[in-house]
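Could you have a look at this structure, given as structure tokens, before my questions?
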Amino acid sequence: MDRVKNWFSSDSSRGLTLIGLPFGFSLLLLAAPMLLIFFLGFWTQDYLVLDRSFSLDNYIEAWTEPMYRDLMLRSLGISAAVTLATVMLAYPMAYFISFHGGNRKALWLFLVTIPFWTSYLLRVFLWKVILGYNGVLNSALDWLGVIEEPLTFILYNANAVIITLTHAWAPFAILPIYVALEKIDRSYLEAARDLGDGPLKSFLRITLPLSMTGVVGAALIIFIPTIGDYVTPKLVGGKDGLMIANMIQVQFMKANNAPLGASLAVSAMGIVSMISLVFLALNRRWLRKRGS
Amino acid sequence: MTEKLKTDSKKTIVELNGVVKHFGEIVALDGVSAQIREGEFFSLLGPSGCGKTTLLRLIAGFEQPSKGNITIDGFQMHGVEANERPTNMVFQSYAIFPHLNVEENVGYGLKRLNLGKDETARRVDEMLNLVDLDNYNKRPAHALSGGQRQRVALARSLIMKPKVLLLDEPLSSLDKNLREQMQVELRHLQRNVGITFIFVTHDQEEALTMSDRTAVMFDGQIVQIATPQEIYSRPKSKRVASFIGVMNFIEGQLLKDGDQNTTVDAGILGNVKVNPDQMPIPLNSGPVTIGIRPEMLTLLFEDQDRTEFEISAVILESAYFGDMTYYTVQVTGLKSPLTISMRNTAGRRVLEDGESARVGWGAESLVILNKSEL
Amino acid sequence: MNSNKNTLKVFAYSYLIFLYAPVLLLPIFAFNDSTIISFPLNSFTFKWFAGLTQETYLQESLKNSLFVAISTSILSTCLGILASRASARYEFFGKKSILSFLILPLFLPEIIIGVALLVVLMQLGLPLSLWTVILGHTLVCTPFSIAILNSAFANMDMSLEEASLDLGETRFGTFKRVILPMVSPGLISSLLIGFTISLDEFIIAFFLTGTETTLPVYIWGQLRFPAKLPGVMALGFLMLLLSLILLLLVEFFRRRMNRTTDGQADVQFGNLFKT
């Protein structure tokens, strides 16, 4: 009896009691739905009737039907392109703020985040305004005399999606990379210079590897959710820029084929997780090889 | 508040009985027993890691013993939470609540007693007066110096009228002058208030100056409990002896002749007759270590200076400290050099390196200790 | 070396223009007297802002959004307090797994969360309403709350807690009188982040609202109608201004709170930007 009483006032029981509520909440609202989605992929739906017998039909369709395959590949391609573009543009910016920001680092960071205090929907819409046939970019280029005909390859396709998302994810890349860069002890760089490395070399050999955690973090923050983006492809993607999330929504709503939608969703998540794990493993190896 | 409890009252206020504490694999306390008397200034002294803070926390109730028990004022503390015990603690970092001002800090524990605004304010003022912080009531916590924080911590605990006040190295973060001043003040405060203080420190000077009794701890055990004088002049082991102050050690042989006559053969220093009380732990005939404090050895300057025993030596080094000079001397026939401290009284010169000198001492200066460690 | 720095500088400023490009259009077209969102510009006007006051549906959506956002921020912060406190202070069986699971929503695309919740609610036969949106948003905001509060709790000096207990206070009293005040900057950060995320969240709201819409869902509906667009511009601009004011308030409080929390305000608000 004493042991029971002891346990109740022990750290362990107190910790579990506290975390019980949030954990229970998550179990109900996250675990249960996720499991349901997972199983849903193995059922079939005919109009409004749900058939719960086990079937691989939906997964087979999701993976073999060209339309879905192409859509999945395109979504992965767009996510990869967005991740690459965002990180590559964000890195020099983060570097600039960290190494050349002086006393105004906080101000720069503040300035970088302000544009993103507007509604995401509006920002996507405004890109549509910018990239459109009669949009801001074309009007400006025409007025400057740079072009005669409005550019059409920049809207209602994958390019527009990539441009828009590269903008939208910018601060999510700048901040982690900035934090990682800030952590680098500047005396390492001074030591490298002292030992004869030029600015480019000391960057490649010291700064870049040491900031990799920030880069990897940024890449994952961007890559994983971008697969599931719905708004941007819908508003600026036209026909050729639609992504898997749009199809998932269609299956759940108009097409009344929730199981197919579920199989698409689970497949997408599976592929993304797999890619992320491979990416992390490769990165760890690369860092180890460089001896950092 | 001005009631003084007699410190020679023999009532035990805290009793520790075979207290053991494990943290996973680590044994922090390995069977600690002691009786702390009401009204005394009791210190726990030992090097870092010896378990003294762990023991204090067990008395306070922040941890429960793995084995054994603790009794406070006759009541068993097993299973009693920290907030139910008649103890209060002054933390090493003082733990002053940063979002409250001085009077809110000091009156923190009174809130649950629902005394009403006036009575609470009265008691807070009384406490602030006691620790010399009158009119600091509205001062915010972040505007206090280290010494002031300490006083607030004291006031905050004492206002609760605990049976025992526990202090966890409260002076270690203060600079030297302030520390010495606070040592005196704490001592006076304790006398004034009459509450039992249990004081943890690793500074032996501190323990000796302030305590009525000290418990020396090594490796989770209490090795000796005694008054400062006793610990200093009659340490129970070599380890205690060298932890408190400096001690010269000489190898020797103990020759017992019945219970009355005890002689120790101190090699080159000769055969010396000693009293039984010069052996803190009873020992049998055989090899022993003889200890002698540096101030018990003296350098004889004038020809006519005489002590009970004397021997010739050569000065190796001297260190001048203003009021004292510490000499390292090599005695012919002794392997290790001896340390001698001499007061720099008027007219006394400092001997030079290489000079020969005569070293004198008395038989009752020796302490006979067990040859093996601890 | 200098030329490197200069190219970098040019890049930085160009990139900044890129970042501000869409946002700068907001005030331009919000004050532009034309229903068409393109150049060249017409005259300056306030009429689109005035027009907002007539849109009852907009105002209702705004009210709904505020209700959802406030509820979400409070709920997610409460759950975050419980989880962070448990994580920072106690060790218990399965701790790592449970915490990883709680943070999981951060790594899932919102569409999957939205769709999954929708399916569950349909299966259970529960009606969609603002409350279902609140549940979805809370699920998504709690990980942020945990991330912010975890370091706040972890950085707290444990001896302050012990001192409070030592002085006779109960555990709950200690939580109320000592712990909460000490983590208050983190609490405010968490409330603000939850509020902001919920206010702007579209996808989950899109899937889970019933007849009462939130602001983003309303805006989505408006985007099809060219005539409504300038009004949307005006609305967007107002929201931007409000966000800026809110941010300045946060900065003001952060400075004030630094002293009373022993320097923790800087750390706890700093986490606002790291998330």
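Just so it is clear, A, B and C label the chains in written order, and each chain counts residues from 1 on its own.
Rule of thumb we're sticking to: a residue touches a chain if its C-beta (ideal position, glycine included) is under 8 Å from a C-beta of that chain, and two chains touch if they have at least 3 such contacts.
Bear in mind the structure is a predicted one, so any value in this text is a computation, not a measurement.
Of all chains present, the one whose mean CA position sits nearest the global mean of protein CA atoms is C.
Per-pair tallies of C-beta contacts place A-C first.
Taking each chain's centre as the mean of its C-alpha atoms, chain A lies 18 Å from chain C. Measuring from the averaged C-alpha position of chain A to that of chain B gives a distance of 62 Å. Put simply, the C-alpha centre of chain B and that of chain C have 57 angstrom between them. Across the assembly, chain B contributes residues 81 that each touch 2 or more other chains.
The multi-chain contact residues of chain C, meaning those touching 2 or more other chains, do not exist; every residue touches at most one other chain.
On the chain A side of its complex with chain C, the touching residues are 11-16, 18-19, 21-23, 25-26, 29-34, 36-37, 40, 89, 92-93, 95-97, 100, 109, 111-115, 117-123, 125-127, 129-130, 132, 134-136, 139-140, 143, 167, 170, 175, 179, 199, 224-225, 227-231, 235, 245, 248-249, 252, 258, 261-262, 265, 269. Interface of chain B with chain C (complex): residues 60, 62, 81-83, 87-89, 91-93, 95, 97-99, 108-109, 111-112, 140, 142, 156-157, 160. Of all the residues in chain C, the ones that touch chain B in their complex are 157, 159-160, 162-170, 173, 177-178, 181-182, 259-262. Chain C makes touch with chain A in their complex at residues 1, 4-5, 8-9, 11-12, 15-16, 18-23, 25-26, 29, 37-40, 79-80, 82-83, 85-87, 89-93, 95, 98, 101-102, 104-105, 107-113, 115-120, 123, 135-136, 138-139, 142, 146, 200, 202-203, 215-216, 219-220, 223, 232-233, 236, 239-240, 243-244, 247, 273-274.
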